[in-house]
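Written below as structure tokens is the structure these notes are about.
Each chain carries a letter (A, B and C) given by its place in the written order, and its residues are counted from 1.
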């Protein structure tokens, strides 16, 4: 590393700041990757190991000493060993007194131990300042410098000076430190890399249940019923027709379920006359995964759009249209233009397209970088007002799609109505109640409650 | 909060750094949410209130004292009351001397008062160091930890040490502080949460005007004219046909308007012989909302694409194609394959698709996270070169779409030409002038001017 | 700048911290833009110039002095002149001793000089602390405050205190400093603004080669062969039909090439029995541009989808369908419904749509902001598992599309098989080998090797 310009300065602090020495206990895969990266960024590395002999795997330029010798060379010691092996550190308590220990460990299961690894380490070796860091970074990302991998390092610790020094090291490696607070946060930090989309579990399960239900429902109506009554083999409809019936229904229901908790919360606040009583847990959880519900609904809507656009390419549709045309040509029949049919067809197509367009806008504003660029008022405008516009357009699209086939008795097969009629129940309920909530006689008290007024006490803001 | 390991240390500074005490004046909704969050992150909170009695609404672990008692417990005092109530602080001037006051207030209207709330506070209580912060965060986001809400806290203040301490608090709450400079910036910070897409006003108004104009134009040509002359009822065309005529026209015109200010700026620089004279204000403002114009154009292009792809599903189109086929079958007519027609049809479709593809690429690179990952040269390459490629493809698409129907007299209804002919005026102008600007005889002097050369003086870079 | 509240304080440090003076050598375009921005943010600016006379171009409020006078007014001196003119600084070595020099220069070509400008500056003027910064920001972005431009300032330097001061200046201008380490990184920082998508070169070249190859292949099969044998003029197919054959083939092959290096790496590791031997350079480079290969594949898939959806709008397709219908009507022929054909048609459409949907999901999770929000385990789940699901769906889509036309001798024109048969070679190979790698008998040793086990030594984790 070039020291041009700083050699001749008589200021001692500069020379000691450059080659900062960091000690790493453990010569496993992660310890080596971390050492490799830190050497690249100008640090001096000293390994502490059970067997202090240089190995060809260790980065060149790093010393290997025994634990106690290595510990004396640095203020900061990175403990790159598994929690199972933390015991040996108790013997070094005196040597480690006052130093900063960085816990980089991960577990295999969420909440595998009663206390977090960092807190366990702090108990084992009193007198040290424990900081949790680096466990969200993979060894491969450190070595290859892959920019795709998450660059954020979650850091927590009780001592803020120690935290600052660790965060400086993180920054000098080109990563982004995020301070999560005191060592209490270590459990969350250790669970974080083990999670697999925790906020998406409930929305995914709900979508799967709805999909399966409406799939079976449609199969009964569109494949089994015609087979039982007309001996028609409609099984090929499983590939495109049935999915194109299930996906829009699930999309519309999930979109309505995004706005239903807000409605329920408003009704609860009006009923209780205050906004300071906590909502039930299920309502809180529901409100926290509204974004995930909406994004899954957008995915289903996207699938529905493409399944609809391939309709004219399908062999079945071309065969059916050709048959109608040939029959008409052979019979030399007139086919008058039914304007109402044209209105119906064009209207529900147009409403569906506009609804999908606003739905995509909602999805784009959910992207993290876009939602960070808008302020709170703009975000609420898009998600709330545009959101209801989307819901209205999609519900109107489904209503008009039915046309006059809606509740004709001839459309009831085994007393099961058309599938999309079922789908319209929740959206229409949400829209009707929202309309009622907008009426001034109800909106005024609700706004007062939301600004802090309480019906039962004189405490006002 | 665990203090394991730090209890036994004789170092006093560590214990005083952990439980930093922050005082909050005001027990309203925002003050309580802020206290709740700060207690979670390890701070000790003291409320100052008119009525210093503990309430069930206050987070447990926070004391409630009178204003002067609370103020003495901490260096930092968050003023969580409305501006209207700031008067009481003048009585506390002596107690507050030398302390850091954090102004978190918001107003209801943009520029509601002649000076910002923070400057007013600084005038009221001389001797304090006022820092503006936290007004962009909502109380609900603080309490629920919702990650969707904007996590950026705009901070400004005259005293940089005070600013640093407030920014440290912001970071320890898991938010991202952005330093906006001195207290002069407080007005902008207080206006920020009240804005509703300020840069989008002009582009939206312009799009609305263009939409309405071409909508009326198309209605006159496609619905009123056939009704007057042929008594044909074409009103159903309002749903899909007319929008599919308006949207692509507006999209193409807006896209051309994205590149027109650059052309005007280049002509101005060539005319004046220097780049150091300021542009007219309207040109500056136009250049600043080019991105918004482009994104709105992309939205219209997206709608046009989907409206075009649903064409074969429409009842009207199927009825018309069926009629043509049946008529031909009954008349037993031959229908020879016109290769030029096939070329025309396939060409304008292909050009449109490629133009839309590059348009989508332009949109993706406008996303904040993507534009942060590319350097200045790459960004200009995409936005400028790919942008002109998009404009060329879309203009060619529109030109070929007209085919030979372009300026046939038979297409003039009431002397109004086809709508898309009007749309082609601005794009063709832009492309022709851009082509002239690329010619070496004009590009050379322009590049010299852009690198600092001035025609009228000898000052060269 | 308002100093309300700080005037009356007897603390001297506050007044000296506010109006920090920064010196700028050079009154060219960039120096002036930087001064303008820094004055806005509360700094005091002093220009050093060859001709120390005030010019109308300089921002008001900035002094202009000779170099040595200006240098004495500040600790930090920004050298805003071209490298060619650095010589004059040697005469000022004594004046500049101990000060911080900020090198903001850019070159015209990558690696234009043997050493970076910053290192050259450090050699010229020993005794100073050189920091590289600001070269990634454009003058126009500084003046107009355009938020689109890259706000990240790459900073490097040997002295960390000097780096911290420069990074503080960067933050106070509202930009984001990124510490790149010691002065060795200056070459990379100086090359950064000159790069034009370096990681995309190889993927683009590969796509172009594949495109050209399959374009020529399809032209031979679909245009030249029918012309030679049937005198049919199929040239119009160049617009839509041929691209719609080339794009999906290239998309599928590129998608398979995203997962092939992982397979090759796994085979290498199994063969060598260790994971610690470096991969060949070509494999390393291939693995680093997998994301770019995938995104280009997604672009081609997107084009394929739209080219497919416009099929029913094409004149050629409508003419062909009309002819078939009219022929059938005139011949009064029956056209029975072939269920297997309906299954085939609907299946490959459905598989293609689902494959495209997951492909878009992969693309969305590649966005920087989205990939920063997921942890390592979630990222691998999406990119690896969902990625293979996409590959399976798209390969199945292509296999079924061929139907039974696959290897019929009648489809061999001049012994060239259908184009998409060629395209299936790499994907099927990848999927078969991946299936073999998943088998427990092979997966167990591979997992052990990836956790650090080595076949030839006893060193185990």
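Going forward, a contact is a pair of C-beta atoms (placed from the backbone, for glycine too) under 8 Å apart; a residue touches a chain by one contact, two chains touch by 3 or more.
Chain labels with UniProt names: A, B, C = STEAP4 metalloreductase.
Please read these numbers as outputs of a predicted model, since none were measured by experiment.
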Overall pattern in which the protein chains touch one another (line/ring/star/complete/other): complete
C-alpha-based rotation, subunit B (STEAP4 metalloreductase) on subunit C (STEAP4 metalloreductase), 0 to 180 degrees, nearest 5: 120
Chain copies touching (subunit A (STEAP4 metalloreductase), subunit C (STEAP4 metalloreductase)) - same or different residues, decided at half shared: different
Centroid spacing, where centroids are CA-atom means, of subunit A (STEAP4 metalloreductase) and subunit C (STEAP4 metalloreductase) in whole angstrom: 24
Where subunit C (STEAP4 metalloreductase) touches two or more other chains, by residue: 309, 312, 325-326, 329, 367-369, 372
Subunit C (STEAP4 metalloreductase)-facing residues of subunit A (STEAP4 metalloreductase), complex: 1-6, 8-9, 13-14, 17-18, 28-29, 40-42, 57, 136-138, 141, 144, 146, 148-152, 171-172, 174, 192-197, 233, 235-237, 239-241, 243, 299, 302-303, 306-307, 309-310, 312-316, 318-319, 322-323, 325-326, 329-330, 367-369, 372
Interfacial residue positions of subunit A (STEAP4 metalloreductase) with respect to subunit B (STEAP4 metalloreductase) in the complex: 98, 119, 122-123, 125-130, 158-161, 178-184, 276, 284, 287-288, 291, 305, 308-309, 311-312, 321, 324-326, 328-329, 332, 335, 337-339, 341-347, 349-350, 353-354, 356-357, 360-361, 366-379, 381, 452, 461
